[in-house]
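Note that subunit A is present in both complexes that follow, paired respectively with subunit B and with subunit C.
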Partner chain A sequence: MAAEFEARDFHARGVQIRNLRVSYQTPQGDIPAVNGVNLSIAPGKITGIIGESGSGKSTLAMALMNTVPRPGRIISGSVVVDGIGDMLTIDKESRRRAHGRHLGFVFQASQNSLNPLRRIGAQVLDLGRSHNVKDLRALIKRAKELLGKMGLNADRVLLSYQHELSGGMRQRVGIMFALVLDARVVILDEPTTALDMLSQASVLQIVRQIHQERHLTTVLISHDMGVVADLADNVVVMYGGELAEQGSTEEVLAHPLHPYTQGLIKAIPRISGPLDQAVALPGLPPDSAALMAHGCLFAGRCPKRLPVCGESRPTYESVGQGRYVACFRVAGHD
Partner chain B sequence: MSVAESTSVSPKTPRVPSGHPTFIHTAWRVIAKKPGRIVGLAIILFFALMAIVGPYLYPRQLPINPNAIYAAISWKYPLGTDFEGTSNLALIVTGARYVLFAAFMAAIFTVVIGTVLGLVSGYYLGWSDSVIMRITDFVLTIPGFPLLVVLSTVWNFGQPVAMGFVLGITGWGGLARAVRSQTLSLRERGFIEAAHTLGLSPVHILFKEILPNIGSYIAMNLLLAVTGSIYAEVGLFFLGVVPFQVNNWGVMLNLAVFSAGAMSSVQALPYLLSPLIALLVLTLGVVLFLDAVDELFNPRLKEA
Partner chain C sequence: MIEIKNLTKVFPARKGLLGHDAIKAVANVCFSIPEAGSVSFIGESGSGKTTIGRILAGLETPSSGDIWIQGVNVTKMPQAERRRFLRQVQLIQQDPYQALNPARTIEQALGDPLKVIARERGQDSAWIQTRMHDVLHRVGIEPGSVLNKYPHMLSGGQRQRIVIARALTVDPKVLVADEAVSMIDVSLRLGVLKLLKDLREQFGISLLFITHDVASARYVGQNGQLFVIYKGMVIESGPTDQIIDQPYHPYTQALLSAVPVLKGLENPGPDRFIPLRGDDQELIPDTVCLYQPRCPFAQTKCREERPALQGTEHAHACHFPVVRRVVATVRANEG
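Let's look at the complex of A and B:
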């Protein structure tokens, strides 16, 4: 185990998601939260997943780890992480070992993701013991190294309780926990939502820096177009539990193809120019009835609706190098 | 915000909290904060000491004195004497061991069974939860006291462990339910979710992450279970449903009321009052000390 821990391979790991379906079982019936998602997460790249609240992006992230909380249930599909296998079918114990060691996860509210009764250093040791790390001394050293890199006083932080740290510090500690076992794939679920602009900028800076240094595969989940545009190499747009559009960040931002992406980009307020240039997207996210219906999920809010949109759902198709979109308006659909 | 120089500092030891005040040290600081807590702790320690060394201070057969039956309070008999002229103080001191040991065992049984079952059922849910909670419901419906009365006809309660065991296995239902509900709310908290995604083992999560967070609640229940069990067993002896084999506080109460007529004669009053006062003082000590328990377990309160 120790040898495995020391062996640091520098091959970034990709993730292949095939036909993933997750639904939440409610008294109103099963609500699909992630509905037939196919996605390849490129190794060594930062992939931004963007979407509004309830679009299923956090559920997708949990499904990547196979830790969808009840009443959610993964119905079908596969999540193959290079070098580990299908997260959805490997046995419980291997899955537990993969968490933390191969797949790091940073929570939206890292504020609350630390045990209030134990010092940070003790929690690092707990983590090491749970993963059978023999050399705990090296683990602490690594934690210190990471914390130092993030601009924290490592010795002080390791001796602190959670309530003795600020929000930005806790978020960085959360990133440290995700990386301290040398995870190669890191999933950040809205890592900056609870932070002010300055902490946000510094956390993003750290994410970028560590991503490059450690040859990580990073999945960044956000509802903030700015954060994704700033950091991600590739962007995936989610809507109503399905993928709407995907491509390199420049492509998607400069030439959004899906009307939803276009609406999202139009809704960003500019620093200069009149404020009313930012147009809010009208309407509401799809409700359970719309999710069950046959038509395009976005049809109800779409300014460019066609008659066919209400009848059948557009497939998610390739329209160029790494570029996918699900819309009848876009060439490639007939 | 500069990249800290401390990165190169090699860690001295993997035991991170070393060089920090030990638990005993911080515990003492918490207790010393309020005089009531010191008094409470002193009373508890005093009674514990009495239970441990008390029986060695007196001969096995306590001396009787036919000339001092129901003697008044004096230097020789600080709490008066009983119907044989035996010092009430000696009776209290030698009787403490049975009472306290049985109560302690009962509290341990209650807390261990209640906590483990509550944790497991609240954390794993599913069928284990259903099974455990149905058993809990069943235990809750058993009236503990009458059961003890019935059991005492077939079971010899001369050994305090037996008494403690019976009190314990009838008393854990409420605690199991309470621990379960606390576990249910804790398991949804962010740090437990985070522990899952970091791949910490379920046993670790259950006993190192969840258990300490309900530690203060359990410790309070432990102390309250001690007093509760004392009342229950003293009550049993007082009612006389358990055969007297040993001297203890409940036996004293029974004899004072039913044989010595302490309710009607002033003479025997010290005989009745001395076990009552012992119970009162012990309860007071527990209640005073309970105040410190919350702070002992919560690092945030510790510093305030």
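Let's look at the complex of A and C:
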């Protein structure tokens, strides 16, 4: 066994994101997809990031890895990963080594990240070689161990091409790739979208189990509040490229402070309880004009709007006990 | 009123790398939808839900079985006549992005089918305009705000409403909604579900609602029936809330256990269990329970005899039916 796998450190690593700005340059103008985000991702915890389509979740995740594709550009900020440094300023080679080795990433629609022309096993070896792993047999062994743990027939999967796998199997293969080099921080972007309920439950169970066994720091991105609420310790609510609210999952769900979070929770179709408690969230996410305006991004849809909300944007403030919120209605602003 | 009797669909064997056997996608499925009624189908991927919907919409022919629509046996009709008759059944698919041509405005997308109908009925372009505004109002959209727009300028929820409006142009008696809300943001889902419910109540449209999100089936209207399907067979059926509260079949219980619990708002059901998702492709002989290889509660009898669907109001196909309370309950503090 290679020493590189035996010497696992069990100190979970946190991530500090400061003043992060990412924008996409389009013919219609720049889209501020991530706009001044400040976020500390707690080591050893599962942090869920939730928000509507287009709120900037995937862009934030890619910025965390410093892999934002064109026409996107990181404009400012820092992303400091414990034990590595600032992902946005370290040299290219260190960054390349950090990917996979320290930071594991499962892309949204993970099927697209696999090479359709190579067997899964060959791709594991490619990954190992690109990270100068000496003992490739040990690497394959670990891949098998992970696949087996996820309820897959490891030998069969390693011999398969991606098109021979079902959606649920591909998601699990994506998780295997994120973990096989023993990453300490794992980012999962919509790992269960497009899966049926049973596959979703089994993927969530696997994430939960591996997270605990390996003392990982896990970031789970989803537009489905149910998924985040079931799995995450902490939840971060994104809206229009900014953070609206964060806190422990239990607290945020039981006592949401931001009117957007309140509306989002009320809009979930529920399996039990009275039907009329669920109410659709009126209105639409902010368009580019609203993003550029001075007021609160949510003001146009907000049932609790004040005159000030149309004039300036509330800052993201701590309200104690790990909770933050950007709303003029909430104490700390007056 | 729609009546489906012993619907079966076998897809022929595919020659390929893995040498597939013939697939029995739907096996002896029976159900009926009253006028303005709703029937929901839930089941995992590959269980045959879409195939049932496509057969009902005339896009697929059944291998055997009968489909009665308002007293007429559709399966006995000549193909051309059947196709015209089945326009009364409109299919709404999962992906509102693919359903609309990106190069055509909403006005064009709705105008195309309306022109065909206007020609058939000898109506003029004023009629088309009135009708267009009418169907848009029915789906809760202000015509002026969308007619000149292209699909990419609309939200997922708006797009799905347009798809529904287009289906309404032909005055359908039945809507088949196949995962119609699963690609829409959760914040917009409820609105589309309520629309389906309103269409039932206001216009007497019957609904076949296909989903793997059981919770959304509750919102297309109370008094709906829920059918749980596994490998093409109905294994439990009955009133929606009754099945959610008192599921008999371990497979239904597995599906319900898989619904995420909202920490802080809900307590997990006392009997909830972590369901197994097998990737089992192997053929299961007709002499055993279909679900037995995955069932945590299987006993000897389950490996010796296939249970038949038994019961009327609330039916199930299990040798050892036991109600398990697997669904989360709302915490008292919510409000």
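Heads up, the rule we're going with is that the second predicted complex is superposed on the first by the 324 of 334 C-alpha atoms of A that agree within 3 Å, B and C clash if a C-alpha of one lies under 4 Å from a C-alpha of the other, contacts with A are read in each partner's own complex, and residues count from 1 in each chain.
The rule we apply is simple: a residue touches a chain if its C-beta (ideal position, glycine included) is under 8 Å from a C-beta of that chain, and two chains touch if they have at least 3 such contacts.
Here the structure is a predicted model, which means the values were calculated and not measured.
Of the two partner chains placed around the shared chain by superposition, subunit B and subunit C are both touched by A:Leu152.
Contact with both subunit B and subunit C is seen for A:Ser202 once the two complexes are overlaid on the shared chain. Judged by the touch definition given at the top, the superposed model places A:Glu311 against neither subunit B nor subunit C.
With both structures placed on the common chain, the touch criterion links A:Arg97 to subunit B but leaves subunit C unconnected.
Residue contacts after overlaying the shared chain place A:Ala229 against subunit C, while subunit B stays out of touching range.
In the three-chain superposition model, subunit A touches both subunit B and subunit C at residues 151-153, 202. Residues of subunit A that touch subunit C in their complex: 52-53, 151-153, 164, 166-169, 195-202, 204-205, 223-227, 229-231, 249-254, 263-265, 267-273, 275, 278-281, 284-285.
If you check the complex, the residues on subunit B that touch subunit A are 1-4, 6-7, 9-11, 13-14, 16-17, 20, 189-191, 193-201, 204, 208-209, 212-213, 215, 297-300. Listed in rising order, the residues of subunit A touching subunit B in the complex are 65, 67, 69, 96-101, 103, 105, 107, 109-119, 121-122, 124-127, 129-131, 136-137, 139-141, 144-145, 147-149, 151-155, 158-159, 161, 163, 174, 177-178, 202. Those residues of subunit C that touch subunit A in the complex are listed here as 17-18, 44-45, 155-156, 185-191, 193-194, 212-216, 218-219, 222, 244-245, 254-266, 274-279, 327-331, 333-334.
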